[in-house]
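Common to both upcoming complexes is chain A, partnered first by chain B, then by chain C.
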Partner chain A sequence: MEGVTLSQLLQVLVNGLAVGCIYGLIALGFVLVYKATEMVNFAQGDLMMLGAFVAVTLIGDVGLPWVLGLFMSVLALAVFGYLLDAFVLRRVLGEPQFAVVMLTIGLGFIFRAVAGLVWGYDPRSFPTPYTGKSLRVGEVVVSYENLTILLGTLVLCVVLFLFFRYTRLGIGMQATSQNQLAAYYVGIPVKRVFSLVWAISAGVAAVAGILLAPVSLVQPGMGFIGIKAFAAAVIGGFGSIPGALLGGWIIGVSEQFAGVYLPAGFQEMAAYGILILALILRPEGLFAQIQRKKV
Partner chain B sequence: MSYLAVEDLSISFGGIRAVDDVSFAVDEGEVFAIIGPNGAGKTTLFNLVSGIYFPDGGRVRFAGRDITSLPAHRIAPLGLARTFQNIELFEHATVLQNLLIGRHVHRRSTALSHLLFLPAVRREELEHRRRVEDVIDLLELAHYREQTIANLPYGVRKVVEVGRALCLEPKLLLLDEPTSGLNPEESEDMGFWIEDINRDLGVTVVMVAHDMGLVSRVAGRVLALNEGRVIAEGSPVEVQKDPAVVDAYLGAD
Partner chain C sequence: MRFLFKTHYNQDIDHLKHGGDRFWYGLLLVLVAAAPAALGTFYLGELNLVMIYAIAGVGLMLLVGYTGQVSLGHAAFLAIGAYTHSLLLGAGLPFLLSIAAAVLVTALVGAGVGWIALRMTGIYLAIATLAFAMLTEQTISRAEWLTGGFRGLAVPQASLFGIPLTQGWQHYYVTLALLVVTLLAALNILRSSTGRALVAIRDSEISAESVGINVAVYKTLAFALSAGITGLAGALFAHRLGYLSPDAFTFLISLQLLLMVVVGGVGSMRGVIFGALFIGFLPQLLAIARDTLPAQIAQAPGLEPGIFGLILVLVILFEPQGIFGRWLKIKSYFQMFPLYRRATHRRQKTYLRTERLR
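On to the complex of A and B.
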């Protein structure tokens, strides 16, 4: 390797931010569900995988137009998330956290197995109208795939922000996440809000899957990056939406830098190394939202 | 017909009859108190009336409508608000935000019109603000308007919770132990506010209370419960003298 140049650094940074967006979006799914229902959904990565497969099927196999296919995939996953809560997760509401963890890990296994049965285990590529094109800014090359990841994440976050800040339902969701009983008594249908939060979270996972699919391959195991996204959520404070994105970026960027500038193996360890470091230095996360439970 | 009618209400938890065949009727405009020793079933009764538990038997009627099987979020829009003994507020939000969310059932505009900031949304929002400010003035909360609940003393939180219930513009207000944990001065203020709410705003009040001083001052009629059953009903003086009530509190000879 010749001397490190600025454009090379920028290049690695951009790639890292793009990967980080994916981690951040999955982390966002973790955080949304956790804030509202105090459940940790370990199947979040697998929901992303399902979203990617549905998109591949609708666009690649059925031949729907690109935008319509994306929209339908997100909608399909949102409906799936809603039903998943209404029929499965509501049964364990209020049970010990461990039961929820085991249930969602189990759901993850089921999703992977079903995906394997339906779509097979051979990795599939996800052609897009912009595959192979790229944008050059000086010496930095940003592929259209990465550009869509960055822009898609930005748009989604703005939409979510406006939704939570300004709509009756969004404010009702915030209220529910702070005090379910109080929310119930000011007239918020708490059960439906829970299911809708799952719907949003699954829809966000589908967006992450669709954005990731062109740069990765679509296969049943792709949801395992959910573990790194979990680390991102923890680093961000596990209750904070900006924290989840920032955590994703930190992990994505450091992973890319580790891959380029450190010996082989470090790239895979980077996410967990940073997680351990974060837990030692700032256990409450970058954006502390969770106060210690008062007794 | 009575405004709030509870008829033969019962619920069991395991083998315990927490509320056992309880009936009472509250007229419009009354202040009605429910007393009884610990574990008498007072809060359980509130939870049955306000739709968090559903009874094994009996009926609850409010303003001529059967609300027995309605969940809490469907009861609130009918004009029934409540507070909790241990205060259930949105801890990380400000006093103002807590009161504004109390207006949730009165919000009509859709998500789309909100995102577009239509004039109708502005008008609605201003109306909500005005109503909330009225409550802030009534309960003298102006000083705390922008403070986060988690930073407020217990006594103020208790008032904020009453305020949030008022923002719903209730016709019937259920207060669960409105003065528990308050110092004598705060309890006295709470008594005045309950009178104001009843007299000036015309809200019918049903309260669970331990504080007999408060009950004697503000309540017109009192229901005494023990072990899930009604043991006495009448004016505060009558109920306090009732031998069954004295036994329940002090133990029978």
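On to the complex of A and C.
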């Protein structure tokens, strides 16, 4: 193809990585919950939407400073996630997977309706201190919004990694995800750990929402992006944290490239096409978590 | 309590076990057959829609309730059935032949999806079917030369044995006949060895495999059957819509079908009918309820999906067996009066049932 230059390729790549980070962050939320509790949370995208709305309210309407508002909204969502598990999801623990899927789909619908009632259906923009600024590296232009997405994802992942590696609670969570019964026997408060995992997952969703809000408008339907994040999680193996991020990047980058270099329509189809291909070729994901049991 | 005196082995697989069943189902059939005489055009149309939902629900129930394979993409099969039927009808095929062809095409697509889905289970399968539905929706909206894309596709007028189907009651009887045929076919499949194989796969794939059931064949078959029946519903749905466009077959429709199966009661064909009645008449109930609610809440545009979600959550938390399960409990309360015990119907929880080891 003529007219395709290296800088253009790099530009598309950077945009794709930024979008992919958002997918990756939502996928990270799925994976955290799935690893610990084996529940699949179809409402993760809607939790992200709630996070974005809370941030818009706190920063845009109440007028809190940006950093404080951000911190408060993540905290609010984390508390919400904790309560959600403690009061609703714990009841379906041990039920078939199908029940959990339907329950979380129903919760997503409720969140969307409530957000519509409270905040209305008009899309809202999210003011940030860095809106409109951009960084030039050679011929590649990186907007500050995309830069914060990339950096924010990186920081969050490092924090999560350190948390799971070095803190007592993080190690307890790992133990719980490997074997609930054994974890219970050695004195880990499994129920509370589950709720805390949900809290972390909701907090991660809030971060994703806050990072996404400046580049897309905030509206009740923005949670549908979660379906693409599913693709990311599945490609990554649905149980692997680096896998989720990698899956997000694969989806994000290929979507951007399809949008620029392929006919219209392929951009929307790219995520699902790759997902189906990945499921056919490696049904257990890039970073497999399923082992075959011998009977 | 009723005690059956069995004199023949075939009594074990009778659809209608005793005189009471025969009486009530006969009465039901007479009532639905007489409905056009008693109901107005609007409610007849709604009842027609309920029966179309019920046909699609039978398809989905075969897959979800009896084979244990979750599908989040049945709207795609509905769409394929609807488009195939309209296109063939437009090309001049007779009504019945066109419907049969739509069922066949949808079943073949379903077999393809089932074959691809063989290696997946549980959540991976659900997501793969979701992706398939999204791809189908995109393909339909992009393939403008065939489907008209978002401009839409007018559904041609159908005629049966030379009589044009223009009246509501004519469509009603066609749908009713097809629903009865579908239900009987599904029930007969379920009491045959095929049906027992499907249930065995649902209960444990490993044990089904060990007793010699070819899991791959039966799973693909289940997908094909389910898709074919849903395609039939799609063909009828096309006449109901009158004008096809891709946004009539979104993810929300898939969810509505699943909601029907769950609310009605997973694992029973009677549940399908309850579920279809429920999702068919809920919008009407909501419309009536809106008049009594304060205007601010009543006029909110997203209220209906929110109520759907709320009902779904409540059903899963408090009555996982759905409406049919509740009906069974009420029935056994009166049958065993005054000896009914709640514990009879207590669910067994299975902790430590991991999907990561398989």
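Operating definition for what follows: the second predicted complex is superposed on the first by the 289 of 295 C-alpha atoms of A that agree within 3 Å, B and C clash if a C-alpha of one lies under 4 Å from a C-alpha of the other, contacts with A are read in each partner's own complex, and residues count from 1 in each chain.
Here, a residue touches a chain if its C-beta (ideal position, glycine included) is under 8 Å from a C-beta of that chain, and two chains touch if they have at least 3 such contacts.
All figures in this text were calculated on a predicted structure; none of them were measured in a lab.
K.L.:
After superposition on the shared chain, which partner residues are touched by A:Ala231: those of chain B (first), chain C (second), both, or neither?
P.N.:
second
K.L.:
Of the two partner chains, chain B (first) and chain C (second), which one does A:Gly273 touch, if any: first, second, both, or neither?
P.N.:
Second partner only, chain C.
K.L.:
For A:Leu13, decide between first (touching chain B), second (touching chain C), both and neither.
P.N.:
Neither partner.
K.L.:
Go through the superposed model and pick first if A:Gly265 touches only chain B, second if only chain C, both, or neither.
P.N.:
In the superposed model, A:Gly265 contacts chain C only, not chain B.
K.L.:
On the superposed three-chain arrangement, identify whether chain B or chain C touches more chain A residues.
P.N.:
Residues of chain A touched, chain B against chain C: more for C.
K.L.:
Should A:Leu162 be classified as contacting the first partner (chain B), the second (chain C), both, or neither?
P.N.:
first
K.L.:
On the A-aligned overlay, A:Leu83 touches which partner chain: chain B = first, chain C = second, or both, or neither?
P.N.:
In the superposition, A:Leu83 touches no partner, neither chain B nor chain C.
K.L.:
In the overlay, answer first, second, both or neither for which of chain B and chain C A:Leu75 touches.
P.N.:
neither
K.L.:
After superposition on the shared chain, which partner residues are touched by A:Leu181: those of chain B (first), chain C (second), both, or neither?
P.N.:
both
K.L.:
A:Val140 in the overlay: touching chain B, chain C, both, or neither? Say first, second, both or neither.
P.N.:
A:Val140 contacts neither chain B nor chain C.
K.L.:
Taking the contacts chain A makes with chain B in one complex and with chain C in the other, which residues are shared?
P.N.:
Touching chain B in the first complex and chain C in the second, residues 181, 291 of chain A appear in both lists.
K.L.:
Can you list the chain A residues touching chain B in their complex?
P.N.:
162-163, 166-172, 175, 178-179, 181-190, 291
K.L.:
Looking at the complex, which residues from chain A come into contact with chain C?
P.N.:
On the chain A side, the touching residues are 38, 40, 88, 91-95, 97-99, 101-103, 105-110, 112-114, 116-117, 121, 180-181, 220, 227, 230-231, 234, 238-239, 264-265, 268-269, 271-273, 275-276, 279-280, 283, 289-293, 295.
K.L.:
Per the contact definition, I'd like the list of chain B residues that touch chain A in the complex.
P.N.:
Going through chain B, the ones touching chain A are 50, 52, 71-73, 76-77, 81-82, 84, 88-93, 101-102, 104-105, 107, 109-111, 114-115, 150, 164, 168.
K.L.:
Quick one: which bits of chain C touch chain A in the complex? Just the residue numbers, please.
P.N.:
Of all residues in chain C, those touching chain A are 64, 70, 72, 116, 119-120, 122-124, 126-128, 130-132, 134-135, 138-139, 141-142, 206, 251, 255, 258-259, 262, 266, 297, 300-303, 305-313, 316-317, 320, 349-358.
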